[in-house]
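The structure's right below; bear with me while I get my questions together.
Chains: A, B, C and D, in written order; residue numbering restarts at 1 for each.
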Amino acid sequence: MEAKIILNCKTYEQATGEKALALAGICQEVADESGAEIIMCPQYADIHRISSELDIPVYGQHIDSIGFGSNTGHVLPESVKDAGAVGCLINHSERRLKLADIEANIKKLRELGMVSVVCTNNINVSRSAAALNPDYVAVEPPELIGSGISVSQAQPEIITGSVAAVKEVNPQVKVLTGAGITTGVDVSKAIELGTQGVLLASGVTKAEDPKAVLKDLVSNI
Amino acid sequence: MEAKIILNCKTYEQATGEKALALAGICQEVADESGAEIIMCPQYADIHRISSELDIPVYGQHIDSIGFGSNTGHVLPESVKDAGAVGCLINHSERRLKLADIEANIKKLRELGMVSVVCTNNINVSRSAAALNPDYVAVEPPELIGSGISVSQAQPEIITGSVAAVKEVNPQVKVLTGAGITTGVDVSKAIELGTQGVLLASGVTKAEDPKAVLKDLVSNI
Amino acid sequence: MEAKIILNCKTYEQATGEKALALAGICQEVADESGAEIIMCPQYADIHRISSELDIPVYGQHIDSIGFGSNTGHVLPESVKDAGAVGCLINHSERRLKLADIEANIKKLRELGMVSVVCTNNINVSRSAAALNPDYVAVEPPELIGSGISVSQAQPEIITGSVAAVKEVNPQVKVLTGAGITTGVDVSKAIELGTQGVLLASGVTKAEDPKAVLKDLVSNI
Amino acid sequence: MEAKIILNCKTYEQATGEKALALAGICQEVADESGAEIIMCPQYADIHRISSELDIPVYGQHIDSIGFGSNTGHVLPESVKDAGAVGCLINHSERRLKLADIEANIKKLRELGMVSVVCTNNINVSRSAAALNPDYVAVEPPELIGSGISVSQAQPEIITGSVAAVKEVNPQVKVLTGAGITTGVDVSKAIELGTQGVLLASGVTKAEDPKAVLKDLVSNI
C-alpha cells in the first residue's frame, strides 16, 4: 500500500521558524526509516530554511494569482518555487479562493513543474475542482478540521462520493482524505475508501510526541 | 543630514529569490561605503535567506492580523520576525488593510519589538494613521507609484500637509516620502519637506545599474 | 429561434434609480412588442421598484452566501427574492466569488425557486461551473467585456469550447454568450454557436437610443 | 435630553422585506408619539420601499467606494441615496473596510448630503476614525455586539475614552454608543457618558414586542 502524507504546518507555534525546521527533521527521519512519502507545508518564511537544510519535499500553503510585478505583500508562485517548494496547496478551507484563481493557480503550478493540491469541502465542490485538472483534490469537510474525528470514519460517504465524482469528471485526478486524521488506522481507512493519501495538521503538529504519531500514521503503508 | 532609505522588492523578477539576495548584497555595499541606512523589504520566502547571510536590516512587506493557530496560507507576524525581519510595511497601496487590522498590526509589531511603517495615500489618511501611533507614516499618492515622477516635486503639498497633520495628531510619528523616488535630489527634497527618509521600489530594482542608483540616492545624506 | 436576453445594469448612471425604472419600461415595451424574453438585472436598491411597477422579469446582480442573522451590509438571498427578483447572476467578472460560495449560491437559489446564472471566463472555468449544476453558465472573456467586440465573432472557439465542455460534464446546464454583444447579428451568432441567449450591459445601457438597440437585438429571434 | 436612536436591521428575518416595512412602521409610531429621533438601517433592497411609504429617516448599512460604471454587484452610494437613504453606516464590525475606503466613503457621503456614521471597536480606532472627520463615530466593542450586555455598563471606559480621544482629535465629531443596548437605562447611561445616542440591532429586531422595547428605549429622552 502506498500513500502520500501531507503535513500542513498552518501557523501553529509548534511549526513556526526553528520549530518548523525541527519538525521537518522528525518527518524526514520517519520517512527515511519507513520509506513513506511525507511532505511538509511550512509557512512562506520557513520554506527556504527547510528545503535547503533537509531532503523532505516541501509544498507551499498558498499562492496568489499574480506574476512578477507590483504586488507588494502578495505570494508570488515563482518565489515559493525559488525557495524550494515542489508543490502547493490551493483553496484550503482557511484560505478559500475565487474559482478563476483556482484555475489560474493550477495552470501556473503545472507551468512551474509543481504539484497542485486543491482542497474542497463537499462532493459537488470536489467534482468542480476535478474539472480544472489539478494533480490532487483533498476533501476536507470544514466541520471536522482540527476535530480529531476522522472524516473517513464520521462521513465516509463524502470521501467515496468525492472519489466517484472526481473519477467521473476527470479520471487522472487523484484524491486525498483530509480532516481529523490522527492515526495509522485513519490512513488505512482513507486508502480503502479509494484515496491516495491524507492531508493533516494538528494531529501531528500539536501532538506531545510528533514522532510517535508520525510512526503510527505510516505504520500500515 | 540623516535619512532612512527603504527599498521595497514587491514581486519584481529582479528582486525574487537569488536575485533578491544579490540585490541585498549591493544595498549592503552601498550602505557600508556611505554610512547610509538602507533597509530591504523582500518577499516572505526571501527574508530568512537575506537576513541570515547579510547584515542589512530587513522589513516584511505585510503581515496578517492573526496569531498562532489555524491560519493556513496567512502571514504570521511571529514567522516574519523569526525569519529575521526587524520591521514591516503596513497597508501598502498594493495591499490595503482594514482600519482595525492596521491598528492591530501596529500594536503587534510593537509587542514584537519591530518597526511599523504605515503607508497612506493622502493627508486625511496620514492624519488617521498617525492617530494609531505607528513608528512611521509613508505617504505615497497611488497615481505616482512606479511613475518615475517624484511626489516631492509633483505634489509637495501632500508631503508637507501630511507632515503637518501627523505632527498635530501625534508628534512622535515620523514621516517618509514615497512614490516616484529615483535620485539623490528626490531624497534631499524629501528631507527638506520635513520627512525622515524615502520608500521606493522600481527606481532601484528595475534599474539597469542598481548600485549606481543607490549611490546617487545616498549621495546627499 | 428562441433566446434569452439578460441586461445587466451594473452601476451605470443610465441604469440607476429612476433611470433604471425608465430603462426597464423600455425593455418591457420591446419584450411585449417582439415576444422576446428580456430580463433586467438592476442594482439591489432598484429591484423592488422595478418588480412592483412592471412585469419584466428581474434578476439580482449578486448574492452573498449568508442566511438570516448578523450580516450587516451583506446581500441576503431572501431579501433579493422578497424584493421581487426571480433569478440572480453569480460570479460576474466584476464580482468574482470563491468556489465554495458559488456552490452554496446555486443551491440556495434553487431552494428559493430562483434561476442561477454563473459567469465564467474561459473553457476550463465553464466546465468547472457546470459541474456545480447551475441553470445557466454565461461565458464572458473579461478582455472583451464592454469592448463592443462580440465574443461570438472575436473568440467563437471559447463559446463552442465552453458549450462542448459544459455538455460533457452536465448536459442539463444551458450556456449564454456574454461580452461585447451589441446587435441582432451578435445574438444570431450566439445561437448558432449553441448557446441559449446573451448577457449584455453597456451595449444597451450606454446607447443613445436603448430602444433601437433592443429592437435590433431581438430582431432575429 | 436629546438622543439619536439608530436601528440596524442587519439581515435578520424579522427585519427583511415586508417585515422590515412593518418594523419601520412601528419605529415611526414610537418616534411620532415620543418626539424621539429614530433612524432605521434596512437592507439595500428594502430602502426604497420604506422611504417611499413612511417618513422615518433611513440610513444604508454600507456603501462601496465606487462611482458610476462597471461594478456589477457592488453598492453604489448614489443608488442608496436615490432609493431614499439620508445617511449610512461605514465600517460596521460585520463589514469592516479598508482605511482608504472609509476616508473615501465619508467624503462621498458629505458630497451627497448624507450623514456618515463610522463604527469603531476601541479607543485607538475611534481616534483614527475621528481624524477622517465623519459626522458620527459609533463605538461598538465586537465582543458585546448582540450580547445583551450594555457596553455603557460593562466597559464604560471604552466609551468615555473614545469620547475624549475623538474630542481631542476633532471636536466636531459626535459619538454614539453601540453594542448590547436594550433599555431606556442603557440610553440614559450612553448620554451620561458623553455620547449623542445609540446604535442597536437585536435588542429591538429580535424582541417579542419591538414596540414595547422601543418605547422603553426613548422613555428617558
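Methods note: a residue touches a chain if its C-beta (ideal position, glycine included) is under 8 Å from a C-beta of that chain, and two chains touch if they have at least 3 such contacts.
Here the structure is a predicted model, which means the values were calculated and not measured.
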{"item": "Any chain in contact with chain B as well as chain C", "value": "A, D"}
{"item": "Furthest chain, CA centroid comparison against chain D", "value": "A"}
{"item": "Chain A and chain D, separation of their C-alpha mean positions in angstrom", "value": "44"}
{"item": "Whole-Å gap between the CA centroids of chain A and chain C", "value": "37"}
{"item": "Separation of chain A from chain B, taking each centre as the mean of its C-alpha atoms, in whole Å", "value": "34"}
{"item": "Arrangement of touching chains [line / ring / star / complete / other]", "value": "ring"}
{"item": "All chain pairs that touch each other", "value": "A-B, A-C, B-D, C-D"}
{"item": "Of all residues in chain B, those that touch chain D in their complex", "value": "91, 96-103, 120-122, 124-125, 127-133, 169"}
{"item": "Residues of chain D that touch chain C when the two form their complex", "value": "8, 10-13, 16-18, 41, 43-49, 61-62, 66-76, 78-80, 82-83, 89, 92-95, 145-146, 201-202"}
